[in-house]
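Okay, so chain A shows up in both of these, paired with chain B first and chain C after.
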Partner chain A sequence: MKKKICLVLILFLIILLLCGCFNYSDIEDTVVVSGLAVDMCDDGQYKVTAEIMSAGSDNEVAVETEQKSEYGFTVFEAIENLKNSSGKSFNFRHCQVIFISEQISNDGISDIIDFAFHYSGFRLSMVLTVISGNDAASVFECEKLLYDTVSYGVFDMMKQDQIANSKCPSAQIYMCLNSLENKGKEMIIPMISVEEQEGEGKEYRFTGMSIYIDDVQTGTLSVEQSQLFMIFMGKTMNGELTYNFDENYASFEIKDLSVSREVEENLSVFDLNIDMIISVRQLPEGVDVSDDEQRTKLEEELSARIKEEINDLFLYVRDTYGSDIFGLGNQIYHVNPSAWAEISDEWKELFKDVELNIDVSCKINDAGRSSKNIVPNRR
Partner chain B sequence: MESRITKKQALCMLVIFIISNIPVLTGYTAAERNLWLAYIIAFIAALPLYLIYSRLTTIYPEKSLYEIFGELFGRIPGKIISGVYILYCLNIAAMSVRNVSEFVNIVSLDKTPQIFILLCCMIVCFYVATRGIRTMTKFAILFLPVFVIVVFVMHIMSLNIYNYSNIEPIVIDDVPDVLKSGWVCFTFPMAESVVFLSINSFVKTDKGEGKKIYLWGLVISVVIIVSVVLNNILVLGIPTMIKLYYPTYTAISLIDFGVVRRLEIVSSALFFISGLLKGSFSLYLAYIGYKNIFDKPKERRPRGYLWIFLGGTVLISVAAYFLYPSIVELIDFLYAYSIYALPLQLFPIVLWIIAEIKYKKNKNKNVIKSDTM
Partner chain C sequence: MKKEKIDKKKTGFSLLKKIMPNNSSEPRESLKFSEEKLKNEKTSLNADSSKIKISKNIQDNINYIKKLIGDDPTVKIREFHTKADTPIKCAAFFLDGLSDDTVISEQFIKPLILSDAPVSDNVLNTVMSEILYGGDCVSTCEMADMVSAILAGDTAIFFDNCDQGIVADTKGYKLRSIEEPQNEKALKGPREGFVENLMTNISLLRRKLQTVDFKIRFFTFGRKSNTKISVCYLDSVVNKKALALLYERLEKIDMDAVLDGNYLEEFITDKFFTSFRTIGDTERPDTAAAKMLEGRIVIMVNGSPSVYTVPYLMIESFQTSDDYYANSFYASFMRVLRIISYFLAIMVPGFFVALISFHNYMLPKELITSFISARQGVPLPTIVECVALLLAFEILRETALRVPGSIGQPLSIVGAIVLGDAAISARYASAPMLIVIAVSCLAGLLVQNTKNSILFFRIFFLVASSILGMYGFLLAFLVFIIHLLSLKSFGVDYFDYNIFKSPQKQKDYLVRAPWWTMLMFPEYLTKAKYRQKSGREK
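For the complex of A and B:
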């Protein structure tokens, strides 16, 4: 009997525990944030704008979004102000992207990375993106193309690009932190722009990447340069290359890429070997890749062009920005840590004198369904 | 006498005892990219110690650590030393439970008071410990394969986010730091298993089978720990890894394998269960010591000592709460722990030397006796 009474008492006590945490918040008091935009105001305060998702009204199965902004001298203060002014608790576990204005990027973004790293509400897989020119919050005014929220649209656009085209670098928070603290490698962050389309509202577009020295943006690369950078780093999974051959455009698809880099003994000359296997997607007029001679000629021409472009990119970044986004210093550290210890303090200066020997080898392995051109019968 | 356990059960329990806190807490040492090497150094240092454990189990088969103290040092000194080791068991339990509660507090229930999480953990530990050694070890034999499978799957799914340059250059440029880290890894958790000798009385180890349990236990644990550490380094990179309190949790949270993502809940569950199992087991080891000190009958089951378990649970809860003020002080605490726990962890060397001398003396006596007969 005693045992039964004890059991009943325990069961009643358990009921008290099963009701949840004492400081719980109901689902209707919680807002789910899909993306954040951080801008800098004239008075030195951060303006944080959250893209908030909510269920559709009138029993429609749809996600609606709205934006809410607040100010603070730190990002955390602004986020807390957001919570206070809305009276809701904010759930950032589904937040995929943090948009940063170019102004903040130019001033330094270590504060934002530091906050995003420490704040346990954020996931470290969140992606940083710079909004070129406009305010970062303006991205939320864009048309939601195929997606319920702009943030998810941008996130998937970049993710898809990395799989299909490999033009857009990945800049998850932990990667940015590693780049900031790693030896001999500077940070890169993808960049998108918000453009007004006639009669169609605003649209976002991937426009390349911003490059840094420490945490300060020193320059930008275009989409084409960004693609070459990804090839340089060996991070291209897939991608298309389009070239003009005597007023005829031809397209190729990168099927496989192998990149090796070596540093010579003097630590100022690097050898870059790129082996690329490509498929022809649109043949230049008059070229028949089933013919060995013509195919070899095309491969050589392609190799020479890619080599020239990569060399131009390297010289442009080295001479214009002096930012070692290629991680050449990091390579010295990996190969020869003791030598790196001696030159690490002067690496930013030494990088400006670095030479690069590039060797590109393209192999055409297929031409789709046919290796022959269509020859129109022009009478 | 409580029911016996098999060698496999003892082995699995030992492995969980060693690896329980490490999968999540691997970012605390100074060795940075050589952390995996620090664990291997700790393994090499622990190897002789584990050989000594297995030798002790051969010399004193079916005798617990506390009984060995009594045999070697006499009744009263043996009980005093046993008392110290009981406190050490409670300390290990407190650390384990505190790590679990701290983890829950940081990664998910950040607004819940830690004392509440701690008490919930202790209720579980109390219940599990009172169920007895067979229940715990049976669960261990079920749980360890799950742990190993999860670690293996974690590696496979992380392959696409591995950055192999994170581990380079593989040279030891900071030997003192690597050795210091190796020392911490040795004391926490490898040499902690000195208290594991207390379960000797439940396992048959007379024909050198203790060697199999201890050596295989150590090898399996080190393989799991090193593979987890390597995974953390390859996924997160050194700057991120050394800044995180729970790098394994974060490394698993970054897995993005098609539709399979947000797997950190799995690592949380593993950490939670293994941490509490270690806490319960340490409480149980303290209870064995209590029975030995107060000469309680071995036949009586743990359920007959509920008040003792309750007392141990309260002690662990208080100790766990006051162990260190917050996770920020954890690293300093671990260094302090590695100093004060070291004598207790190395004490089996003294035990072994005395035991060998006594063993040889007894052997000679037996030979002389047999000769005279």
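For the complex of A and C:
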């Protein structure tokens, strides 16, 4: 019995002396950072602004936010200056968004991605967002819109959009890093603008996405183009399509999407097949979807329009920016790795000669006025 | 021998066993259970060593008793004789208050006085078979037995010209009536509870099990108290190894007094330095009978309403009599709830401290802001706050047990207001911590049978978590499991992980299967096989 007690005491002492309370910190000594904004100053220093959550001063307000900015010639230096500016420890584990100014985006963001990847306090699931037209820090002045912080509001907006509308692509740090290291797909980052509303303060709005070649922004796509891009990539879970039919607008909801891509043997022609199941939410005037002929005609017209738009998008990106944001290079790698190994270094040039054969098939499943399927047994 | 070594390697606990005390859970070879031993055992394992025999001269006996206990004003002496021409002189000794005067006078003194039996060489035989009316009287030649009988409330009767005396059962002291035990209330089922009188308790048990299989052995412990205890079991289903172990351990006891079963419990328990109880107790006759039916042994102590059952398994801490009187689905749900409550009670404070002090990045963002807000201005570190609240709760609980009933309710209100409202308003404690402690303590109150282990392991998990965070919590959990697996109760594993391998063993473990499915005895308790022959159609 004595031996056992001695053994337990010795073990306890060893644990206590060697590693006791190794990472202890009281939760009230922690400062929670919900978002970071990175800007470039005129003198070449990075300005890092942190949106900090603090406990509310009265019982009605649970959380208050404040911004704190520090400077440094590297992002890491700025972050360390930020941490040293307060007696409390900064907790970046709840930081969900990094806002980057357009200026840095145009100059290159590999420093930020590299830092975010190596810094142990960051999660790799953090989202990168480009602020267009303003300083990145200006986003923290926006209305919180029922969220605790602006950053969480932006994050939830993007997440909700992916579920409901599928216009906003996801650009988490690990995805961006993969794109940087991978020559077969270029990076894309969603873009947000800060707009001042009269009498209502500032609001943030999703305005499209930025396209990159390596880590440098080369162009942008609009919201509609972003949606088409998501359809191209097959990442649309839901979404609405609105088209003009003889000056009558009609809306459709995407219920199901299936996209397949194949590369032909010459490795420069790709076949894209898109199968869509849609529901009619607002009918074009004078169209009766219960009538087979009219419905088929509507489906064909929709298919043609979507095909044209996607083709236009592809050509626009290919010819204007030359950025393979569609991941066609990766497609080649998956099909023929040895061939990809030979051409990967010149892919940026070869991409400009790539052709795409698109086939879109839209099937209308149900009409807005009835929950019953028009055509039975259609998936 | 080889097989034992292989078993030890398989379990992997060889290091622990080397440093653990040599607490054998196997009976010694010489004391392995045998029918002969049981037949030859003495009724009194710790009998008084007085060797004085009863004298044929009644006056010597009277003088001896007077010298021994005559100065006690409650000791009554009644000298009388039969009405024969050559009367038999008699002397009866009894204690005022412990004996029933009516029984003494009607059943023993009156028949003797009215008898015309003369003095003879065979006085005792004559008296026992022809004169006395009383049902329970035994003869003895030992003076010690006569003295013990007087002190127990019986009447000792001496006869002239006879070297034996009669001990007549004339106990007539006031006893508590049979009522429902306060600590083991049941929603359904019997409302009887054991009382302080051994024979009454035995009768309560006998009424449940009216079978010739019901065996009782009596023992006496305590040199000053001469407390009678009984060991009861069902011969056909009892765990024989456990019975032999029990006798072996009881033999070693030598105390001055045994006032409650807990005195014995600490002697006969397998391992003392553990917070888990390996001997069960109950105040309900139906529970004791049910445990006997599964092969357990019931130990009753005169003067204590609690009876003890061995072997005792961990799962019994989560079983109540309600489980067997209610629907099996409801019973299973409640049992699982109790098991979950036990783990909540011991782990929640430690887990919470580990989470907010070491791993606050694992908290959802909504929760972390709430916790930061709640902890603002609290001067104590998290672990100190937790310990302080636990201490306050334990003080409150213990006080509520001890104070008179009239103060109980105001006390609980004060405690709630002080702990709940004032402490938070004054920033001595934070609301999340108070909620955690409340959940832990309420969960602990649900499983009262495990309060010892909850008290210890709650603090153990807390300390481990406060030192090493989640690592400490998991290390503490490992220690908990290893310690649990190392325990035995009279040769039976306290927590047998093998039960998870067999559906048959699960029928009355984590859940309570319907009665018609429980055809067999629990094989980890007894070698008897089938308890019932048929079930029913599903």
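Simple rule for what comes next: the second predicted complex is superposed on the first by the 338 of 379 C-alpha atoms of A that agree within 3 Å, B and C clash if a C-alpha of one lies under 4 Å from a C-alpha of the other, contacts with A are read in each partner's own complex, and residues count from 1 in each chain.
Criterion: a contact is a pair of C-beta atoms (placed from the backbone, for glycine too) under 8 Å apart; a residue touches a chain by one contact, two chains touch by 3 or more.
The shown structure was predicted, so the numbers you read here are calculated from the model rather than taken from an experiment.
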> Is A:Asn91 in contact with chain B, with chain C, with both, or with neither (first, second, both, neither)?
Replying inline: second
>> With both complexes overlaid on chain A, does A:Val32 touch chain B (first), chain C (second), both or neither?
In response: second
>> Looking at A:Asp148, would you say it contacts chain B, chain C, both, or neither? Reply first, second, both or neither.
In response: second
> More residues of chain A in touch with chain C or with chain B?
Replying inline: C
> Which holds for A:Asn106: it touches chain B only (first), chain C only (second), both, or neither?
Replying inline: neither
> First (chain B), second (chain C), both or neither: which does A:Leu124 touch?
Replying inline: first
> Counting only touches as set out at the top, which of chain B and chain C does A:Leu180 meet: first, second, both, neither?
Replying inline: first
>> Is A:Met1 touching anything from chain B or chain C once the two structures are fitted on A? First, second, both or neither.
In response: second
>> Need the overlap of the two footprints on chain A, from chain B and from chain C, as residue ranges.
In response: 21, 23
>> Residue numbers of chain B touching chain A in their complex, please.
In response: 106-107, 109-112, 165, 168-169, 171, 173, 236-240, 243, 250, 253-254, 256
>> Residue numbers of chain A touching chain B in their complex, please.
In response: 21, 23, 117, 120, 123-125, 172, 174-175, 177-178, 180-182, 330, 333-335, 337-338
> Across the complex, what residues on chain A touch chain C?
Replying inline: 1, 3-4, 7, 15-16, 19-28, 30, 32, 34, 53-56, 62-63, 91, 93-94, 96, 148, 152
>> So in the complex, the part of chain C that touches chain A is made up of which residues?
In response: 19-21, 273, 356-358, 360-361, 365-366, 368-373, 375-376, 378, 381-382, 466-469
